[in-house]
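Mind looking over this structure? Questions follow.
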Amino acid sequence: MKTISYLHFSLKNITFYLSFLLIIIALVIPFFQISLYLMHVLILMFYYIGYSSSWNLLAYSGQVSFGHAAFLGIGAYITTLFTIRTSLPFIGVLIGAIVSAFIGLLIGLTCVRLREWFLALVTFGFSIIMIALTIELDEFTGGTLGLIVPKLFPSINQYQYYFYYYYIMLTLAVFLVLISQFIIRSKVGLAFAAIRENELEAKATGINVMKYKLLAFTISAFFTGLTGAFYAHFIGFINHQIYSPENSFWPIIINVIGGLATIEGPVIGSILRFFIIEFLRIMEPWVRTISPGMITIYPKMQILIFGAILVVVIILMPKGIAPQLRKFLTPKE
Amino acid sequence: MKKRTQLIIAVAIIAIIVVSAAAYYYTTLPPTRTIKIGLVASLTGSAADVGTDMERAAMMAVEEINEAGGVYVKEYNSKLKIELIVGDDKTNPQEGVAIVTKLITEDNVDVLVGGFSSAVTLASQVPAIEHNVPFVITGASSSSVTRRTDKDTSYMFHYCTITDDYSETIVRFLNHTVKPIVAPNRNLSLALLYQNTAYGQGCYQSTVYFINTLGLNITIVAAETFNMGDTDFHTQLLKIKNAKPDAVYHAGFTRDTADAIKQGIADVGLNTLYIAVECCEEPQFYEFLGSFGDRQILESKFGPQAESYSEAVDDYKAKYIERWGVIPGMMGADTYDAIYLIAKAIENAGTLDKAKIRDAIENIEMPQMLIMMKDGIIRFDENHEIDPLCFIEQMIWDGTTLKPYIVYPDELKQRDFELPPGYVPGGP
Amino acid sequence: MLEVDHISASYGNIQILWDISLNVKEGEIVTILGPNGAGKTTLVKTILGLLHPNSGSIKFLDKRIDKLPTYKIVNMGIVLVPEGREIFPKMTVYENLLLGAYGKEAEKNKDQSLEMIFQIFPILKERRKQLAQTLSGGEQQMLAIARGLMSKPKLLIMDEPSLGLAPIIVQKIFRVIREINEKGVTLLLVEQNVHRALEIANRGYLLEAGKMVLSGDWNELLANEYVKKAYLGL
Amino acid sequence: MLLAISPPILIQIIVWGLIVGCIYVLLASGLNLIFGVMKVVNFAHGEFMILGGYISYSLSIFVGLNPYLSIFVSMIVVGVLGVIIERVCFHQILGTSKLNELILSLGLIYVLQNTMSILWTDYPVLINSPFESRVLDWVIIIGITMLIMTGFYILIRRTKIGRAMRATSQNRVAAMLMGINVEHINMLSFGLGTALAATAGTLLAIITSITPYSGEIPALKAFTIIILGGLGSPLGAVIGGLGYGLIESVAVTVLGGTWRDAVGFIILILVLIIRPMGLFGEKEI
């Protein structure tokens, strides 16, 4: 009994120190003279942590969404439209998140009776319908030409903007990871887990399955909308491509690679995504020197290699990296 | 097995970090001063086919300038070589912003060139605007990239034809050449089939605009849309057939235009006059169309396949074929010119100061190269746009190959316009 | 014929079977008795290769089978009539029977086997064009047994053939079981219904909580005080 | 809207819907077979389709083979590739999380698309039909679809191997107990499914052009079709495929090209709100 609690204690310590270390590193990075581009991709990395954590909240209740880009885009569009008219970006961001949560509730209502692939395809369908709607309502949304998104802080230069945005996105990411931790550990989280494991049993133990499923949809859509709104203000431009299937699949890729239904999954997945993609990008000048024939092929090779990495990781670690890492960090008996 | 997997993963992660760090360090070593030109092109994604042509053309221009010794810059009192750094925007706004930021802040480019999709360029030009990097846009055909009002576009230059140019040329041609033959006593019925993107919508809107402002007797009887990347246009074409047009204006890319024309003639039985826009000026377009392209129309500004009309084009074509083994496309031509234009501007500025380069580009006056100008001189107007001379080609199938001849305007005319075989005029 | 030698098996991390040994000789009816959750089905699955034992060995006709995939074991002549029937609901009765004769040997004799089966279960002949899911519970059980017989088994294992059936049908099924045995098929019968099982079996084993607690001839077991108390309610 | 269109053109629109429907039928049937037997969704199905199209294209260009005959070659090539991918990839993750199938498929999509893009470039290709008349092509396409679907039906319904496939899809454990080597059945159905996709790809490349990326959306549509038709139901895939082609054609006519991809999903959502199990689905999966 004693050894078990000791193990538990030390494991907790390691993860605690590790996350502490990561946050410290993240906090000090901007003070080194790094290029704006590196800042840019780091900000995107935080954005992906936030986005996949929000997705994870829904997945935690056993509902897998293939169309989360719908919420991302709604958050982004609403804040854009609001800010263009009022120049109050922070309120816009909040309104974007709220509208997204509301739409999440509506989509959730159509989905409560659906399972697995049915649910996945319906959510995916919503994101495709959003593309058509956005193009069709072009007077309002700017159609495919898109909308230019006002900045969160007008009238500061790009270096400052990136500096601020770095901390905003970092805060958002940490906040979303912590809040998912909080929700998952709470009674609500227990209900989510119960529904995920066995819906009928959950019902039998008196859990209001419908209520919690809708709650999961709403919360997840809220945070996704929030992330999307901040993202739009960062990129400065938004068009229908925000609803693209690729955007819907990223949180799934990140979560599955990182470790499904774990808190650290989104973090590990996003960091890994960042490293793989930047690594492939950094290799580009070098690849160009090996063979001139590679010039036109390499951009495609990058995606090809990324795909191959996905395949290999999934085959070797079907449960994702987080459980492997946990084992690795756990002291051997 | 499990332990080994763990070990492999750990080693892989560490290796990735180490190699990235090393490569990062390696790529950021201060090199000797060169003129760095960043090319923004779509090398993957839905417009990947055009990006490659832009890249090849840009490489050729850079190689030629470097072989000639480089660009004389007064500030350094020597001829500097040009270094081309290519960034892939993946036909996606988010990636576009990232890659332009990378080109500017990591590769420290002096000038940017390229940009294909209008929507992507609208997003990706923002970092260039913020950092005051001159950007010569050679692909995006929506005028909004230099006329946007929310940002200061004084560093943006639009060195390519825009959708206004396409549509104006086309409606003028229809009115001047086609209407007298087909519908002398009534309004000409025109149908549009356009991509529902910024570019296609631009073509549609400017067509309406020019018909109205020029007061032409042309009626738009149908306007159908399709999604970027679609390959099946049968339903839209059937609907257009139902509207009985005299001509169909297809605003899209190489792939969809060729498909639509072929499907329209072969499958739908819509035997009419098809008008394609210059985006299609790619060797693949002619190959793909084959006999179906007989006596169909292509609006263009650069005709490497046409009968010789300009020495510059002939030279470029020969060099391009020698270097890459294929006939050049249209997108590369703008980019090729733009590189020379930038080199000239830098030489004029005598410095690599970005503001001075911008001024030099703004005030540039040089003889036309591949793209013909109305007055033969490359210069930018107050909107930072050029005034190109567009023309209309008619493609003739001689039994083995499809070859274009210029039929409009009169000063470039190589042949008289003829109606396509089996042409069925539309109704009023 | 079948020798199970000191096997243990588990689902994931939960061990279900501890050190189980049993054997079946040619021509016998042997029964495995035990309450719900004793591990009977797990034992059967382990024999059929649906689950591989952690330790111990299983031999059939003097060949090790504990590492073979299920289909090879089946083709060697061990056939299971699984618990809960497990018929193919959207196929006809006839197709279900044909699937029984999937192995090469069995396929050669399929007409002969069919004839025999329709003799034993005339109802199946009547219903042979019906979808299996439309049959009643008893008919489905008969179909499952018949399908097992189509395989020309050397050893037929039946897992709870009487589960959830009306007494009259149970009676019929046990009559059939005896009939099958008389035709030369060795039988391993897994049953909760101790009384009935021991009526027809030569020998029996008693399994409780994953461990073999008793074994012996049918009359020995019937006479055993513990069995009497715990299972026969005497 | 439809009334404003003259009857002969309306008929053409409907016929066209059915021809496109044929492609969906082939695609959805293959996906359905794989799903039925393995309970795995292969989102990279569309890429196998396009690969089939490219192989037939290359055969018709370099060998001069009649495209309708090259279908059978590309079926075999793509089918064998399917078997290899089943062994190397899908087999390894059977029984783990369903999302792994998606991620694996996405990885395969990236690999296959870009491999094709490197081999055949991004320019669209079209297989030139050997016949003058397009109507003849359409008749042949419908004929080939019927032929292949009949062959498929006979294989599934009347042969021993088809019986084993159906048995595996209905009850995997029981199939094992019948002495069926379910791993062989997995390989076979994956190969057969991808071979059907290759047929769809060849026919698609004959009626419209293809690029390495044009398989992505059709695969998702095929998945919509089998969900609508009830997962695992072969007849549902056929009716669903034809219906989908028809609806799409009519929707483009009425609503415009923008709605081409969205309309199927709108119908899916409406259907699933009323019947959460799909049109022909019987029980919860």
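Note that the chains take the letters A, B, C and D in the order they are written out, and that residue 1 is the start of every chain.
Here is the rule we go by: a residue touches a chain if its C-beta (ideal position, glycine included) is under 8 Å from a C-beta of that chain, and two chains touch if they have at least 3 such contacts.
None of the values given here were measured: they were computed from a predicted structure.
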Required steps from chain C to chain D (each step between touching chains, minimum): 1
Most distant chain from chain D, judged by the mean position of its C-alpha atoms: C
Per-chain Cα centre nearest the global Cα centre, belonging to chain: D
Centroid spacing, where centroids are CA-atom means, of chain B and chain C in whole angstrom: 74
Geometric centre distance via CA averages, chain D-chain B, whole Å: 35
Separation of mean Cα positions, chain D and chain A [Å, integer]: 31
Touching two or more other chains - residues of chain B: 44, 48, 52, 196
Touching two or more other chains - residues of chain C: none
Where chain A touches two or more other chains, by residue: 135, 300, 303
Interchain pairs in contact, sorted by label: A-B, A-D, B-D, C-D
Chain A-facing residues of chain B, complex: 2, 5-6, 8-10, 13, 16-17, 19-20, 23-24, 26-27, 43-44, 48, 52, 55-56, 59, 88, 90, 92-94, 97-98, 101-102, 104-106, 118-119, 122-123, 126-127, 130-131, 142, 144, 148, 150-151, 196-198, 201
Interfacial residue positions of chain B with respect to chain D in the complex: 44, 46, 48-49, 52, 196, 224-227, 229-232, 234-236, 238-239, 241-242, 254-255, 258-259, 262-263, 266-268, 282, 284, 288, 290
Chain A contact footprint on chain D (complex, rising order): 41, 89, 92-93, 96-100, 102-104, 106-111, 113-115, 117-118, 216, 220, 223-224, 227, 231, 258-259, 261-262, 264-266, 268-269, 272-273, 276-278, 284-285
Of all residues in chain D, those that touch chain C in their complex: 160, 163-164, 166-167, 170-171, 173-183
Chain C to chain D touching residues, read off their complex: 48, 50, 69-71, 74-75, 79-80, 82, 86-91, 95, 98-100, 102-103, 106-107, 147, 151
